[in-house]
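So, here come the structures, one by one.
One chain, chain A, links the two complexes that follow: it is found with chain B in the first and with chain C in the second.
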Partner chain A sequence: MIQILIRYATLFITTMLVLAALSFSLAYLFPGDVLVNLTGITPQNETERAALLRQFQLDKPYLFQFIHYVQQLLQGNWGYSFVSGLPLREEIGIAMPATIELSAYALFVAIFVGVPLGCYAGMRSYTKRDYLINSASMVSYSFPVFWLALVFIMVFSLNLGIVPLSGRVSLLFDVPPTTGFILIDIIIAENTDTSLALNDALYHLLLPTISIALVSTASVVRLTRRSVIDVLKSPYIAAAESRGLSRVQIFRRHILRNALLPILPLMAIQITTLITNAMIVETLFSWPGIGNWLIQAIYQRDYPALRVGMLAVATLVVSFTILIDLFNRIIDPSREKYERGTV
Partner chain B sequence: MPMLDIKNLTLEIDNGSTRVKALDKVNLTVNSGEIRALVGESGSGKSLMVQAISGALPPQWKVTADRMSWHGKNMLSMTAKERRELMRRDIGVVFQDSITSMDPSMTLGQQLEEAIPDELVNGKWFWQRSLDRRKTAINTVHKVGIKNHKHYLNAYPHQVPTDIGQKFMIAMALISQPKLLIADDPTRGMETTTKTKVLKLFTRLNQTKSLSILFVSHDLLAIASMSHTMTVLYCGQTVESGKMKHIRKRPLHPYTKALIDSAPSFRADLPPKSVLPSLDGTIPSLQHVPIGCRLGPRCPRAQRACVSTPGVRRIHDHTYSCHFPLHMEKL
Partner chain C sequence: MAQFSLYQEESQPSPWHRTWEEFRSSHVAFAGFIVLGLFLFVSLFAPLVAPYDPLQQNIDALLVPPSWEPNGTVSHLFGTDALGRDVFSRIMYGCRVTFGSSVLLVLIAMLVGVTIGTIAGMTSGVRSSVINHTLDALMAIPTLLIAIIIVAILGTGLVNSMWAITLALIPQFIHHTRSFVRSEMKKEYILASRLDGAKPVQLFFHSVLPNMIEMLVVQGSLALSVAVIDISALGFLNLGAQPPLPELGVILADGLDVAYVAPWNVGLPGLTIFLMVLAINIVGDGLRSALRRRLTH
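Showing the complex of A and B:
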C-alpha cells in the first residue's frame, strides 16, 4: 500500500517538474522581455531592471533560474498580470473553482445518466432499445461542443427565453466570492435571499452543464455498454447462471463491479476532454472560469498569465488523472501489486 | 424413470454466415444414484453438452431436442424461473476452466457463500445467518480437501493455484446439496494424490448420499475405477453407451475400441516399448465435419454404407451407432 502511494507520488512529482520546466521555458519562448514574461512587472528604468534581474536570479545559469522559479511557484508568487496588474494567484484562485464546479456538475450528470443507460443498453445488447441508446449516444458524441452550445443559446435563451444567456448568477444578487464555488458561496452569503439566488444560479448552470455533459455522457454510455457486453460473455457469468442466480442478482453481484472496474481508468482519460470542453463552453456562456480567462489572456497578449494558466490547468488534469488511477488501483483486487503507475 | 433423459439433442452454433451442428442427435441418460461417464477426445463436444444441460448458452447457440427431461419434466419448455430453481437446487455444475469461471473481483469465500441456497441457512437474524453461512462454507471447503481455509476463503481467484480453484468449483457445486453433479473434467491440473482424493470423495458422496454424477473426462483410468455406465462421444455424435463393464469387455463401436486400446493401463498384454495403437488422422474441425457417420474417414471398418448416419441400435441396455459393429458374433 505504502509502496503504491510512493510510486504514484513519484510519478506526480516528476510530471509536475516537467510541466514546470515547460512553463518556465515559455518565458523564453514568448516574444518580448524574459523578465516581464516571468514576473509580469515592467521595470521603469535600468536600475530597477537590474535589481529585479537580481531578485529573480535571472543573471544566474538556467538551472538556478529554474530552481528559483519552482521555489517562487511553491511559495505562491506566481507573478502579476500584465493587464490588470493583480497577482495571478488571486485571479486563478477565482477562475479555477468556477471551472472545477462546472466540470464537476457535468461529470456528475455524465456518470449518473451515462452509467445506468450504458448498463441498460449492455444488458439488452443488440435489441431495438440498445440500438436506440447506442445511436443516440453516437449522435451526441459527434456534436462539436461550441456549435451545440451556440444552438442551445439560440433555442433556449433567445427563442424560448427560458434560461439566461450568460454568467453565473444574476447581478441583482450580491454574492462575494469566498470559496469560488457559486452554490456554496450563495449558501454562505449573508444578505441575499438564499433560495431565490440558488434558483437563479441553477438556471444559469443548466445550459453550460448540459452542453458539456452531452459529449461526456455519450462516451460514458458507450464505454459502459461495451464493458458490460464483454463481462456478459465471460465464463464466470455463465457459471453464475448455472448456479441458478436470477438476472438481477447476477447483475448486482457480478456484472456491475466487473464492468465498472476497467472503465474507471478510461474515465480518467475523459477528464481531459471534459475540462477542454468546459473551457470552450465557458467562453460562449461568459462563465468566469479558467478557460474564459485564458482566452482573454491570449487576446491581450498577457504572457505571464498564459504561462501560469497553462501550468494550473495541466496540474488540475494531471492530479485528477493520477488520483483516479490510484483509486482504481486500490479498489481493484485483480491489478497486480507491482504494476507501474501511469498518467 | 431416468433422472436426466436426453434424446436427439442437437446444438447448432450460428457463426454469422453458416450454421454448424456442434452436437448432432446426442443421447444421454443419467439414472438416480449412478455415476455416468461422458468420454471423448478434445473437441468431441463434451463441454458443449455440459453447457447445454446447464442452460447457460450464448445467444447464437440453438438447442433442439426430442426429449430433454428432468424427472419427467421437460427442461426445454420450462419457464426461466423453473429452470433457475432446478439449477439452483438439483443440479450442480463444475466447469472446466475453474479460474475464469469465478468472479475475479470477489473473494472465493464470498462466492462460495453466495452459492448456499437460502433455505439451507439457519438462524433468524442476519448476523446469525452470515455466521452459519461461514460455517457451512468452511465445512464444505474441508470436505473437498482444502485444509488452509482461512487463507483461501479470503483469496481472489487469480491468487490461487489451479487445483485449489478446481476444488473450490467442486465445493461451490456441492454446497447446494444437489441431486446431480455435472463435473466437467474436475481433476484437470491436479497431481495424482489430490486427484485420487477428489475421486474418492465423489464415490463416497455417490454411495452415502446417492448423488448422481455425470463425470466428463478423458481420463479413462479414473473413469473405469469409479463409473457405472459410460457414454462415448465422437465429434458431436454419441457413438456408444452402456454399462462400463460391458463396454470395457466388448466394445461394439470401432471408435470405442480404439479409445480403450489407446489407454495402456487397460492392456495387460502390451509388450514393453511397443507402439500404442491409435486411429489415423485427427478429429475434424466443426466447419468440415464428414456427412453420415462422422468417424467415417478415420474408421478402419468403414464401407460405402457409412455415408448415411447410422441409427441407434440397442442390445439390452447397450446402445451403439454403427453399421458394422465389432464382436457381433459373440453376442
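Showing the complex of A and C:
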C-alpha cells in the first residue's frame, strides 16, 4: 500500500516537473522576448530590463532559471496577462472553476444515465432493445460536439426560444464570483433572489451540459455494456446460476462490481475527451471557462497567459488521471499494471 | 477433453479471410463500409466528380437554397454560400482535405507509436517503467491544448494542426503496442523462435508484427474518427486550416455568419462530418466484433 502510494507520488512529481519544464521552455519557443513571455511585464527601458532580468534570474544558466521559475510558480507568482494586465493566477482562479463545474455536471449525467443504460443493454445483450441502445450510443458518439452545440443553439435558443443563448446567469442577477462555481456562488450571494437566480442558472447550464454529456454518455454506455457482457461469460456467473440465484441477485452480487472495475481506468481517458469537449463548447456558449479563456488568449497572442493556462489545464487533467489510476490500484490490487478494458 | 474441430471444406481459409466473412455477415457494418468507401472515392477523385470549382465565386447566385427547397435550383444541389460558391463541390473538396489529412496523420502516428511502443515493450527495468508511466500521464493532455500551443509557436495552418493531432494520438498507439508486445513476448511461439536464435528485430517482424496488424487496424479506426473530429474542430475554431481552403470545419465556421438566413451552410457540412465519423465508427465496431467472433469460435 505504502509502496503504491510512494510510486504514484513519484510519478506525480515527475510528471509535474516534465510539465513545468515544458511550460518553461515555451517562454523560449514562443515568438517574442523571453522576459515578456515569462513575466508578462514589458520593460520600458534598458535599465528596467536589466533589473527585471536580474530579478527573474534570466542572466543565469538555464537550470537556475528553471529552478527559480518553479519557485515562482509554487509561490503563486504566475506572471501577468498581456491583454488585461491582471495577475494570471486571479484570471485562472475565476475561469478554471467554471470549466470544472460544467464538466462535473456533464460527467454526472454521463455516469448516472450511462451506467444503468449500459448495464441494461449488457444484461439483455443481442436483443432488440440492446441493439436500439447500442446504435443510439453509436450515433451520439459520432456527433462532432461543436456542430451538435450549434444545432442545439439554432433549434432551442433561436427557433423555439426555450433556453438562453449564452453566458452562465442573466446579467440582472448580481452574483459576485466568490468560489467561481456559479451554483454555490448564487447560494452564498446576498441581496439576490436565490431561487430565481438558481432557476436561471440551471436554464443556462442546460444546453452546454447536454451537448458535452451526450458524447460522454454514449461512450460510458458502450464501455459498461461490453464489460457486463464479458463478465456474464465468466465461470462464476454460471456457478451462481447453478446455485439457483435469481437474475437480480446475480446482477447485484456478482456482475455489477466486477463489471464496473475495468471501466474505471477508461473513465480517466474519458476525462480528457470531456475537458476537450467542454473547452470547445465553452467558446460557442460564451461560457467564461478556461477553454474560452485560452482560445481568446491564442487569438490575441497572449503568450504569458498561454504558458500558464497550458500548465494549469494539463495539471488538472493529469492529476485527475493519476488519482483515478491510484484509486483503481488500491481497490483492485489483483489487476496488472498495464491492463485496461476495451470498448 | 480434446474436442476435434475438423474442417469440412477443401481449403482452410486464412485468418484475414475469416474476419472478412464475419465482417460481411453484419449488414450494418457492411453498409458503413460502403459509405466509408464512398467518402474515400470522393476524397480521391474530388476534382473529377465535383461540378464546380470550390473557390469559384458567383455573384449571380448568392445564398441559393438547396435543390429540395421550393426556390432552389438543380444546378446547385446543396445550394450556394454567401459568396456564391457551390456548397456541394465545397463539401466534396472538404472531404478530401479532412479525410485525407486524417488518414495521413493516423498513419504517421501509428508508425511512430508502434516503433516506440515496441522498444518500450521489449525492454524492461526502472528506465522503461519511468518512461511508460510518464507517457501514460502525458497521454491525458487534451488535443486542443497541444494544438493551441503548436499554433502559438508555429502559427495557424492545416499542417500545424495535423502535427498537433499526431502528437496527441501517438501515446495511445504506444500504450496499446506496448501492452500487446509485452503479453506476446511471454508466449511459447516467441520462445521457440528465440531458441532458434532469432534476433529481436527478426522476432518483431516475423513473429509479433503479423499478429499485431489486426489490433493496429482496430486502433487505427478509433484514432481516425478522433482525428476527423479534431481536425474539423480546429478548423472550426480558426486554429487549423485557414478560410480559403475548403476544410469541413472551416466551411462550417464560414456558414456561421449566415446561419440564420441560410442554415444549410451550417447543417450540411456538419452532417457530412457526422456521417464520416459515424461510418468510421461503424466499420471499426464491426471489425472489432468480427475479430471477437473469429477468436471465440
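By definition in this document, the second predicted complex is superposed on the first by the 334 of 343 C-alpha atoms of A that agree within 3 Å, B and C clash if a C-alpha of one lies under 4 Å from a C-alpha of the other, contacts with A are read in each partner's own complex, and residues count from 1 in each chain.
Everything below uses one rule, namely that a contact is a pair of C-beta atoms (placed from the backbone, for glycine too) under 8 Å apart; a residue touches a chain by one contact, two chains touch by 3 or more.
Note that the coordinates shown come from a computational prediction; the quantities given were computed from them, not determined experimentally.
Using the contact criterion defined above for the overlaid structures, shared-chain residue A:L261 touches chain B, although it does not reach chain C. Contacts of A:I4 after superposition on the shared chain: neither chain B nor chain C is touched. In the overlay built on the shared chain, the residue A:L202 is in contact with neither chain B nor chain C. Shared-chain residue A:I94: touches no atom of chain B or chain C. Comparing chain B with chain C, the partner in contact with more residues of chain A is C. By the document's definition of touching, neither partner reaches A:A136: not chain B, not chain C.
Once the two complexes are laid over each other on the shared chain, residue contacts for A:I271 go to chain C alone; chain B is not touched. Remark: chain A residues 11-12, 14-15, 18, 26, 29-31, 135, 138-139, 141-147, 150-151, 154, 158, 268-269, 271-273, 275-276, 279-280, 283, 291, 294-295, 298-299, 301, 303, 306, 310, 313-314, 317-318, 320-322, 325, 338-340, 342-343 touch chain C in the complex. Partner chain B is touched in their complex by these residues of chain A: 126, 233-246, 253-254, 257-258, 261, 332-334. Only residues 51, 54-56, 58-59, 84-89, 91, 93, 95, 97, 100-106, 114-115, 156, 158, 169, 172, 176 of chain B touch chain A when the two sit together in their complex.
In the complex of the two chains, the chain C residues touching chain A come out as 28, 130, 132-134, 136-145, 148-149, 151-153, 178-179, 182, 222, 225, 229, 232-233, 236-239, 249, 252, 256, 259-260, 263, 266-267, 270, 273-274, 277-278, 281-282, 285, 288.
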